[in-house]
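The next part holds the structures, each set out as structure tokens.
Here chain A shows up in two complexes: once beside chain B, once beside chain C.
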Partner chain A sequence: MIEKGKISAFQLALMMNPTIFATALLLVPAITAKHAEQDLWLSPIWAAISGLLTVYISCKLNKFYPEKSLIQYSEQILGKIAGKILGLIFLLYFLHLNGIIVREYGEFVVGTFLNTTPMNVVMGSMLLVCALAVYGGIEAIGRSSQIIVPVVSLLFLVMTLLLVKDLDPKKLLPVMENGIMPSFMGSIVPSAWFSEFILMAFVLPLLKDSGKAMKWGVLSVLSVMFLLVITNLSTYMLLGKLTIKDTYPVMVAVRYISIADFLEHLEAIVMAIWVSGTFIKISMFYYSTVLGMAQWLSLSDYRPIVLPIGFLILVLGHWAAPNLQSLAHFLGTSGAFYMLTLQLGIPVVLLCIAWIQQKFQQKKDGGQ
Partner chain B sequence: MKWAAVLGITFIFVCMALFEWPKLGRGSKKEKIIFLSLSVIGWFLGSMLVFFPNPPGPTELMDGIFKPLGKLLEK
Partner chain C sequence: MKEPIQKPGTNPSSLSLQDSLSANLQTNEQFFQSVYHNCADVVYRHFSIAGKMKALLIYIEGMSNIEEMDKSVLSPLMQQTPAELENLHAIMEQSITVSSIKENKTFAEVAEQISTGNPVILVDQYSIAISVGLSKWEKRAIEEPLSESVVRGSREGFTETIAVNTSLLRRRIKSPQLKMISMNIGRQTQTKVIVAYMDGLADTTLVEEAKSRLQRIQIDGILESGYIEEFIEDHPYSPFPQILNTERPDVAAANLLEGRIVILVDGTPFVIIVPTSLYSLLQASEDYYQRFMIGTLIRWLRYGFLVMALLLPSGYVAVLTYHQEMVPTTLLLSFAKSRELIPFPALVEALIMEITFEALREAGIRLPKQVGSAVSIVGALVIGQAAVSAGLVSAPMVMVVAITGIASFTIPRYNAAIAIRMLRFPIMLLAGTLGLLGIMLGLIAIIVHLSTVRSFGLPYLSPMGPMRASEMKDVMFRAPWWALRKRPRLTGDYNQNRQPPGQKPDPSKGTE
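What follows is the complex of A and B.
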């Protein structure tokens, strides 16, 4: 085993929560609202189905091949050469996706707060912090998420409570005006985000109590779903159809908070929430890429490649898109299918093949 | 100015190598080769983006592949 640290299933659930939620908070409400309009609060509920499916697949595959990660068992399922190629595809995919995530982070920070700071500095400093976390191993990420996630979730709920007096529930009517279809179309992009739960396939072999993995994974999906429903509800009840026009509707909603002319300009808190959530998210992706790469190359330690891969992520983040508009457009259209294919489609195929192989093996053993 | 950026990228890699090399000394030869080749790829890509900002990249490639499905969500 390359990684010697162990975490608990509860820590895994805490780590996975911001891994989905941190960036789903930003661009996704606007994209969902474009398709689902006033039914946007239903979309995360449909999308959670893909999250549950991904958790089920990764737990099932882990049962077939305990002690092995996605990269390792794809080699065992498909054979040496095809498995290596699939592993490389996964690694390049996670590198690219991590680049996109870092770019989303950079665009958000530069666009709303640090207007004159060069983007590469913002992205590079975040990656440096994440590189230190990855260097510390899975235990460091697990413990930092134990500290960060409860605080972040609590602050987020407080933010929503402060908005309550300005909310207008009538904006949500009529419910399901055009049937179920619009909310379903709006759920495609969030379900691409939910399928990021496939990162569990890298971490499951490192669990102390892998029996509880399924339970905590499901709870993690449900917590993300709950937070997303709350976000979408409060944003739409406040902004109505304007949700579609803004790139970051949640940010606009929080800027709106004003209580007794005293509690104002709370966007700095949202920023703090968001930066710490993204720290966990980027670290998780970074860690999975580095660990997967070390397993793919069968190294004895993953630490030597942490820094060079960090630089590659920075370059890919710079390269991901020419500007925010084209990035948002990519994520809202073909990007969703790109993510769903690699994070849900291919693992489903892998599980089917593994299942058939297992059946054959049993028959062979039974016959002898 | 562009050469200064390349110099900056090189500086980052020198720092990375100085940080990592003493630890690699104990490791095998394979790790050194992989560290060096990943660094060379990173340096090459980084310097390329300094001279040609925004060439078509992986995002454009994937956008091309998944365009037929992506049209479903075009609005």
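What follows is the complex of A and C.
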């Protein structure tokens, strides 16, 4: 094994939660509201189905090949050459996706806080910190998320509570005015986010208690769903149809908070949530890419390729899109299908083939 | 230096320390004289047992109890009647009235006994030497530990003498399960080091690991337990201390009872304790002696001020430089007013003040007590009113530095506070360049680093990362003693239960 560290299923659940939620928190309300309008709070519930499906697939594949990651068993399922090609596709995809995530982070920070700081400095400094975590291995990421995630969740809940007095539940009426379809349409993009749970396929072989993986994976999906429903509800109850107009509706919502003329301008809290959540998200993708690459190249240690891959991510982040608008447009339209194909579609196909192979194998064994 | 007169027998210059003693008294004496050449404090006293057997007494002045030596060794031996002279063994058994005597066979053993202060008797015709346990030297009395004072709790502190220190531990834990393994480290100093642990509570692999790490040390001298700490820690380049040190016997005993290992070093009142987690560096012994509610509150106060000690100056710099909109308007106006005449940017101002403060603190520690008051007067002027009225720093900055200073004094362990003090400066630079984002990145980097650190196999952030829910009650709170049923899990499996359940006090339980 290239990675010697072991984590628990609970740690995995804590790592996966911000992996989905951190970026979704800021971008999903606007994208969902575009289609679903006042039913936007239903969309995460539909979207969670894809998350559950991904968790199921990665756990099942892990049952078939307990010691192996996505990159390793695609070689076994599809054969040497086709498997290597698929592995490369996955790795390039994760590199690209991580570039997009880093860019989202950079756009947000530069757009709302550090308007004159060069984007590459913002992205590069974050990648350096993530590289430190990847160097530390899966245990370091697992433990730091155990420190970070509870604090971040607490901050998020406090922030929502402070908003309560400005919320207007009437804005949500009428529920399902145009049937179920709008909320369904709104759920496509969040589904793509939820399918990022496929990262579990890289980490599952490193679990101490793989028996609990399914349970904690499902709980992690449900917790993300719960947090997204709260986010969508509170932003829409506050902003109404204005949710669509802004790229970061949550930021706008937080600016509303004003208690006793003292608790004002809590954007810093959003930034704290966003930065620390994105740190875990980028580290997870970064780590999976590095580990997968080491497995794909049959290296004995993944550490030498941490910094080169970090640099690639930075470059891809720079190239991901010309500006924020086209990035948001990509994420809101074709990006969803791009992500769903690789994160859900191909794993489903892999699982089917693996399942059929297993059946044949059993028949053969039975016949002999 | 060379003795020209040689008796028949072994040539002393051809002998080495590893050889066995010779049966010839003169050869032995010559050898020791060459070993302790130019050592004016070594005393050789010739005498004869019962006027017949020639004997020699060797000891080092000031390290042995001379009166006791005269009374219980020399006079009985010299007044022996010749008829009773059968063999040395019997003489020793019958006439030396000292509780501890030992037979030594090699030169090395004898030299070690002499160096530790035990007088040695060599007798002609016998190739053994008798050492008498009469070592005694001036030592400091047991005093109140200066570095860890308490309002409630034991006033005893460890001293420089290891035998006193082990007795202080033994007096608290009377069980024979308290084991102490002794070894000598240091080629020249031969410093006695004792590994103490509770048999059945401490993980045996942990004890073995500690012993083997100690045995690997090769150095000429150990003068303080800090030497050993740097040789046996897991991450030498981490700013965080991975080993706890204390001069309180009650802290050492409490850690022994939690299954940790205490390493005592001769010559220093500071014992070191492994393994350690970050949270035990933030706990004081008194948390457990006062009632649990105030213990819990004090812990939270400490956590809060730990964050302040690390982040307050950098937060101030970041907010004033990049995020002015976060400050309520009236406060911002008063900040602006006080900073109007200041020539420096906030970062430079903060760095000047923090560095001055660190310098003052260092000066205050090193100076003799008589000069100390002068430092505090000058210090109050430098980072106080004078600096503000001279227009060099703003009044809020003085407040920030003062609160940061107080905050770092709330951390009960000096070495943990040092780590925080060191890390404050890079974070200030990050705050000055990237604002709050820089602080977040610095904080995340510290958390990631802490997640990779282990102390003798124990993750540094445990029980929070990896999380152990049952132990959180000793980190998030200080649970009352009747609820602290289980010992913390360190590295292995062992006896977990501290006390039986159901001991919550309740008047209805009694018979009244």
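By definition in this document, the second predicted complex is superposed on the first by the 368 of 368 C-alpha atoms of A that agree within 3 Å, B and C clash if a C-alpha of one lies under 4 Å from a C-alpha of the other, contacts with A are read in each partner's own complex, and residues count from 1 in each chain.
By our rule, a residue touches a chain if its C-beta (ideal position, glycine included) is under 8 Å from a C-beta of that chain, and two chains touch if they have at least 3 such contacts.
Given the structure is predicted, the values throughout are model-derived calculations rather than measurements.
Engineer: Taking the superposition as given, does A:315 touch the first partner, chain B, the second, chain C, both, or neither?
Structural biologist: Only chain B; A:315 stays clear of chain C.
Engineer: Who does A:210 touch here: chain B (first), chain C (second), both, or neither?
Structural biologist: The answer is neither, since A:210 touches no partner chain.
Engineer: Figure out whether A:301 sits in contact with chain B (first) or chain C (second), or with both, or with neither.
Structural biologist: In the superposition, A:301 contacts chain B only.
Engineer: Return first, second, both or neither, reflecting whether A:330 touches chain B, chain C, both chains, or no partner chain.
Structural biologist: The answer is first: A:330 touches chain B but not chain C.
Engineer: Touching A:341 in the superposition: chain B (first), chain C (second), both, neither?
Structural biologist: So A:341 only meets chain B here.
Engineer: Tell me the contact category for A:247 with respect to chain B and chain C: first, second, both or neither.
Structural biologist: Once the two structures are laid over each other on A, A:247 reaches no partner at all.
Engineer: For chain A, which residues belong to both interfaces, chain B and chain C?
Structural biologist: Chain A residues touching both partners: none found.
Engineer: Given the complex with chain A, which residues does chain C contribute to the contact?
Structural biologist: Per the stated touch rule, the residues are 322-323, 325-326, 328, 434-438, 440-441, 444-445, 447-452, 459, 461, 464-467.
Engineer: Quick check on the complex: what are the chain B residues that touch chain A?
Structural biologist: Residues 12-13, 16, 19-20, 23-24, 27-28, 30-31, 34-35, 38-39, 41-42, 45-46, 49, 54-55, 57-59, 62-63, 65-67, 69-75.
Engineer: If you look only at chain A, which of its residues touch chain C in the complex?
Structural biologist: 7-8, 10-11, 109, 113-114, 117, 121-122, 125-126, 129, 132-133, 136-137, 139-148, 261-262, 264-265, 267-268, 271-272, 275-276, 279
Engineer: So in the complex, the part of chain A that touches chain B is made up of which residues?
Structural biologist: Of all residues in chain A, those touching chain B are 34-35, 92, 96, 99-100, 185, 188-189, 297, 299-301, 303-305, 307-309, 311-312, 314-316, 318-322, 327, 330, 332-338, 341.
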